[in-house]
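Structure, as structure tokens:
Order as written gives the chain letters A, B, C, D, E and F; numbering starts at 1 within each chain.
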Amino acid sequence: MHNESTRAEILIEALPYIRQHRNRVVVIKYGGAAMKNSELMSAVLCDTFLLSLVGIKIVLVHGGGPEIDELAGKLELGKKKVGGFRYTTPEIMELVQMTLCGKINKNLVAGLTRLGGKAIGLSGIDGAILSAEELSADGTDYGGRVGNITDVNAELLQTSLDNGYIPVVSSVALGVDRECNYNVNADTAAARIAYALKAEKLILLTDVKGLLKNPADENTLISKVSLSEIPGLIKDGIISGGMIPKIDCAVEAVRRGVNEAVILDGRAAHSILIELLSDSGAGTMISR
Amino acid sequence: MHNESTRAEILIEALPYIRQHRNRVVVIKYGGAAMKNSELMSAVLCDTFLLSLVGIKIVLVHGGGPEIDELAGKLELGKKKVGGFRYTTPEIMELVQMTLCGKINKNLVAGLTRLGGKAIGLSGIDGAILSAEELSADGTDYGGRVGNITDVNAELLQTSLDNGYIPVVSSVALGVDRECNYNVNADTAAARIAYALKAEKLILLTDVKGLLKNPADENTLISKVSLSEIPGLIKDGIISGGMIPKIDCAVEAVRRGVNEAVILDGRAAHSILIELLSDSGAGTMISR
Amino acid sequence: MHNESTRAEILIEALPYIRQHRNRVVVIKYGGAAMKNSELMSAVLCDTFLLSLVGIKIVLVHGGGPEIDELAGKLELGKKKVGGFRYTTPEIMELVQMTLCGKINKNLVAGLTRLGGKAIGLSGIDGAILSAEELSADGTDYGGRVGNITDVNAELLQTSLDNGYIPVVSSVALGVDRECNYNVNADTAAARIAYALKAEKLILLTDVKGLLKNPADENTLISKVSLSEIPGLIKDGIISGGMIPKIDCAVEAVRRGVNEAVILDGRAAHSILIELLSDSGAGTMISR
Amino acid sequence: MHNESTRAEILIEALPYIRQHRNRVVVIKYGGAAMKNSELMSAVLCDTFLLSLVGIKIVLVHGGGPEIDELAGKLELGKKKVGGFRYTTPEIMELVQMTLCGKINKNLVAGLTRLGGKAIGLSGIDGAILSAEELSADGTDYGGRVGNITDVNAELLQTSLDNGYIPVVSSVALGVDRECNYNVNADTAAARIAYALKAEKLILLTDVKGLLKNPADENTLISKVSLSEIPGLIKDGIISGGMIPKIDCAVEAVRRGVNEAVILDGRAAHSILIELLSDSGAGTMISR
Amino acid sequence: MHNESTRAEILIEALPYIRQHRNRVVVIKYGGAAMKNSELMSAVLCDTFLLSLVGIKIVLVHGGGPEIDELAGKLELGKKKVGGFRYTTPEIMELVQMTLCGKINKNLVAGLTRLGGKAIGLSGIDGAILSAEELSADGTDYGGRVGNITDVNAELLQTSLDNGYIPVVSSVALGVDRECNYNVNADTAAARIAYALKAEKLILLTDVKGLLKNPADENTLISKVSLSEIPGLIKDGIISGGMIPKIDCAVEAVRRGVNEAVILDGRAAHSILIELLSDSGAGTMISR
Amino acid sequence: MHNESTRAEILIEALPYIRQHRNRVVVIKYGGAAMKNSELMSAVLCDTFLLSLVGIKIVLVHGGGPEIDELAGKLELGKKKVGGFRYTTPEIMELVQMTLCGKINKNLVAGLTRLGGKAIGLSGIDGAILSAEELSADGTDYGGRVGNITDVNAELLQTSLDNGYIPVVSSVALGVDRECNYNVNADTAAARIAYALKAEKLILLTDVKGLLKNPADENTLISKVSLSEIPGLIKDGIISGGMIPKIDCAVEAVRRGVNEAVILDGRAAHSILIELLSDSGAGTMISR
């Protein structure tokens, strides 16, 4: 049992945050380690459920690369990557859609429901949440079913949140240039949804501690970064590689009105709870 | 162009039905021929969209046997049937869930959306719409993942309808006796949903014209049957074979408060529209 | 019984119009042949009732020349016309008011009520819907009780429509320049009410097929006319005589925000239904 | 200018009554002397307007014998009475309807509107307020168009009151046994409307001071009478002649839930105001 | 008993004012003679209660000098005045707060409640209605607890009025420059509250008849004064002495949007009732 | 800084309680040590503010013996006690009212407001929250102004809570047997208010740890007691002396529908927060 003054201090610190976030929207891109390890998955679902319990409106957006790879492997359809995107033919798109919308999405919804939550599993197709057209960059061939998000219709998400549901959204979009569905990047989908919903916060769960001054030393975490500091950090190589598109998503979200975007460590249990309900927070926060 | 008096007559006949059904719920079990033939599928989606356009609240409930078979075939998992149910092991359940919730469901939603409708793809897991426990009948082995529906929570469906969405529901349920999802019968799911929603009508799309006095002669269609006549029809063999469980669903729905249940021919284009908006209707109607 | 595909086609054509017009206001000036022939009158009331049944908000505005003439005849008060207007002395005004508000109006309301409609009989006096001052054009003597509408207060009509009633309005107005009531032109009253209500459509029932390129040939109907084409049509004599003030009303309504005004043939049964619920419509439509 | 303490006393007396009657319904049967004398008519309209101004919901119900007689005279249609009722043939009914609904009703509405009121002129036909069937008593011939009220639908009156309108209602009803309109007794109509609206008070304006102990002496007014005292007063001849049906209306109204019915002197200006806003009231009040 | 025509005349005059003031806010600064004499106090409470009864939203703001003096006397704390303000040390402030908020305020609330009213006793501290900082004028020493109002938060007053309560407010404010409460001028508090509430009227009860042309002659009352006339009246000495700060409050209120401010004689019983519900009013009205 | 897993554990424990108590009413009787020590007073106000911040509806009810004694001393009015009650003459009642309603109440409100809360200071007189008559027990003389609560009107408290205010209530009541105010017991007032508000919890802050099996040993705290156990505890002397009337209040509250009553140690800082937001709670809980 915890010491009473410790308990009082932690609660006194947390209660004003609960009030501040109540009825506000927080969009969480869920993926990486936190999706592979079942204990971490439980902690993410637990945090999501508890935060929704006190009135914070959480939206979970997810992808699911490894599980798609697994099914593609069984069906011998390969797992080629082109410029950071999965090479997606119509056949592979069918697998993507089945895995994301049929397997992962419904299993997350089942998990939240078992905890006592009211959850609803959606994709970018439902309520036309995400519209997309074929991604085409300088004639690169992505297989025909990688999409570029052109529009977000947040109505269904808003209705779901207003009625007390936790929406869980698969990163699949409705084609507007052709009668098909598209595979879209989950980070981008989360960022686009965040600003369509005028979210207070966008949290991108990753497999790193956040931005580090010295990438080799996790004790050099940068807690806060403003938009104007980003170009310098890229130039200095502190933001590099796969972190660049993530930071781009975060920057775009903040630029379009989301209060803060946070690069958060998905490998630490309950990092979401601590980020939202303590003075120190966790990970790296990007804001104006 | 149609003759003006024909037009006036048909409209004068239809308008009072539109008024009568407006804001009422009609649950349609969609499957069979109407799902396999792309032209018939278009007609079902068209009817659904147009009826929702004038304020009739349609819920589409679907299964999808043939497509599950196809994927199971590719993965060499077999398609055994036991006592009318698909033999469903945990591995097969994953395929069922992916095919129904990930492929068919989202494709139906995409089709309705392209027509201009507001659609939402759900399963029995979302919002805990369908709870189930393992089906066990006299020790029969169904593979462990065939479920028996124990409870229906219509809140999410009601919310969706109230906000103008057409819910499309996959026949998959949340396990309450074990942490798993279950494969449930789509006719039963449709009937249970119909009475939980206090629906005005349950429509079961089938591959026959309806009940026939002489099964060999489609001109002997029985248009209306009351609950009390059913036992006689079974005894006389007019209701037999695969029709028996369908009729059981219909009877149970009517007994629990659904106004009418209709066995409707899914092989005739726009039979739904004609059933709902004309004096003569179509198929066989079961009522108190 | 109609062929099923004919039925489906007509309904598929009509349903989107029902949706489009639902909760929109359509003002119909009712008069002429459709008022004299009892079968046509039944068709107008039937159309009005059915359209209101599916949520289209109809306002019927009526005059009633022949019946006023009849009563004036019995009371030996004459039926002089001046410049297209009935010469209306205070004595004649009493007859006008009694005939329009007491006889025709209440009989139309009774007819709609017998069909199952919720109707309410009003005049321009009720709720101060129509304010008028004495018409004075170059010293012409109209008898003192012909009014020029100066103001429209749509509040009572809006309240009636919002509560599901079909308002039937007599073309009599409240004097603002003197303590008396005035006889006003019913076409003008309908047009003024249409734009005060921000109606979607103004329908003027007449005893012709619409505008005809060749007045002698009903097959030369002009289906659509834009505002800019009107002056040319007047110059060419295609719009002439009694049609000119009607077209003026239509033009003014469209200019002030009514979507479309339609010159519709009151001699054809159910022309209102066909105009509102088919692609081809009926009569001549005037729009921007 | 009035003395300040007199003013204060009268206001202190009146304000609690305004509060008590606010948002309550008072049905006034208007007729007799108060309708014939233009100064008294002005006082009735003034009282009605002022009381509605402070939130008391007034409904005026009127007949109009003398004016019908006048028109019938001009058209040589006679003015026969049978058993207290006007002998009403279909031809005479047309005059009744025109006079009540077209002339008197609209003139009262115009009068209230000129004072600044929001008034609406209705009849028993509008919104099916009054349904009736032919009066038949022991084979007496009333001409075929005297009606017996069978049902009251107060919805339109309630809607009108809720939207701040003063309804003025002509005593004409919709036939339910035949496709015609009926002439009904205005006192009865007022009483029926009063209890359908759960009115607080029914006021019957008459040409007497109220019930008098000594009919020859107006100083012997009986201020209050309970239901149980009525039979004795009839037996004693204090209630007799034309007063009997009036008292019957009052009794029936009180029995069915109206708080009080008042026989009020229509010959005294502003008797309505004094009845409603002073301790002493006016006329004879009938209550449980 | 009053003559019926007198009664009718007074009511006909009053009813439109009741309508005009209904749901409008009237702020009354209560003090002086009307607080010391128990009969006058009863009349003020009676008027307040009756006016609230018919829907006029009254706010009573009060000070209470004599009673503070009395308690200060008993505790030997003196009653020094500096520049028109009570010299208020922290010790004296405690007495001020106890006397105003604890004694006078609750006794007024008790009085209104006994009449049948719904009253609520507040101070400037509750709901942070009045914020203040220490008054400092050229280094004058007011004892440290005389406050200058810096802000008004009308939310709690608005909520109280919307829920049908009569707020009674003590002129004590919450310190924003220091953790203490302040003694503030009641006239100023009333004026500031009046414009924060967008009141229709501010009534300052005083111990004079109003502004007098000849101060020695009460028959020379000035009934109406516009803002532009004020400077002249000050120059002419008609407004002088203690009347100047009162007029300043009134002028400031009118300038900031209050319709009228009235200097009213608190020595005449029911002057509030007569001011609000008669054509002639009472006292001196200041308006734009 | 606290350890992250400690923080997570404490929050995971607290969040479901926040949800459970949200929009529920908790009535706290505030007094004793927690009122005398300024640090403890700050902790009580802090807890009250933070809990209201997350949507828990707190009502503070207070007495204030020591401060009344102090003023009574200065004015030489004595501080006699009779049977556990302050001997209260009309003169002393004035001091009670001034001290409770004017001094303590407003200072608590000021404190909550400075923290950022929306608070409102009330007494039993406001909105007629507490009605009382003179306490008379076997002819004992309590000085004439000790009251026995006869009725509670929770409307004003409910309205205040619904509008987001924290009501702070002085234990003074409105006399119904005489035109005076009464001094009432604060524990009783809190209990009566708790059940009138259908509160979830009644917390009585005291100067002991709770009920102790061995009164000499604070480690023998009894955490939970059911109603049926109380008589035994009294018999065994575990409940005795001044604790008996407190327990009586608690029992009565629980019997009338309050979920739980808690005897809580006011000497421990933040005991309220810990009681409401941890599994173990604090003090002794009495429930059915």
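Here, a residue touches a chain if its C-beta (ideal position, glycine included) is under 8 Å from a C-beta of that chain, and two chains touch if they have at least 3 such contacts.
The structure displayed is predicted, hence computed values, not measured ones.
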Hey, what chains does chain B share as contacts with chain E? none
Determine the shortest chain-contact distance, in steps, between chain D and chain F. 2
Maximum centroid distance from chain A, chain identifier (CA atoms): D
Starting from the mean Cα coordinates of chain C and chain D, work out the distance between those two points in Å. 35
Can you work out the whole-Å distance between the CA centroids of chain B and chain C? 47
Averaging only over C-alpha atoms, locate the centres of chain B and chain D and give their separation in whole Å. 59
Chain centre separation (chain C, chain F; CA means) in Å: 72
For chain E, what residues touch not just one other chain but two or more? none
So that we know how the chains sit together, what is the shape of their touch graph: line, ring, star, complete or other? ring
Enumerate the ring members one after another: first chain E, then chain F, then the rest in ring order. E, F, A, B, C, D
Please give the residue numbers of chain B that touch chain A in the complex, ascending. 74-75, 94, 97-103, 105-107, 109-110, 113-114, 118-123, 125-128, 156, 159, 163, 165, 172, 174, 179, 181
Complex contacts: residues of chain C adjacent to chain B: 1-2, 4-12, 14-16, 18-19, 22, 46, 50-51, 53-55, 268-270, 273-274, 277-278, 280
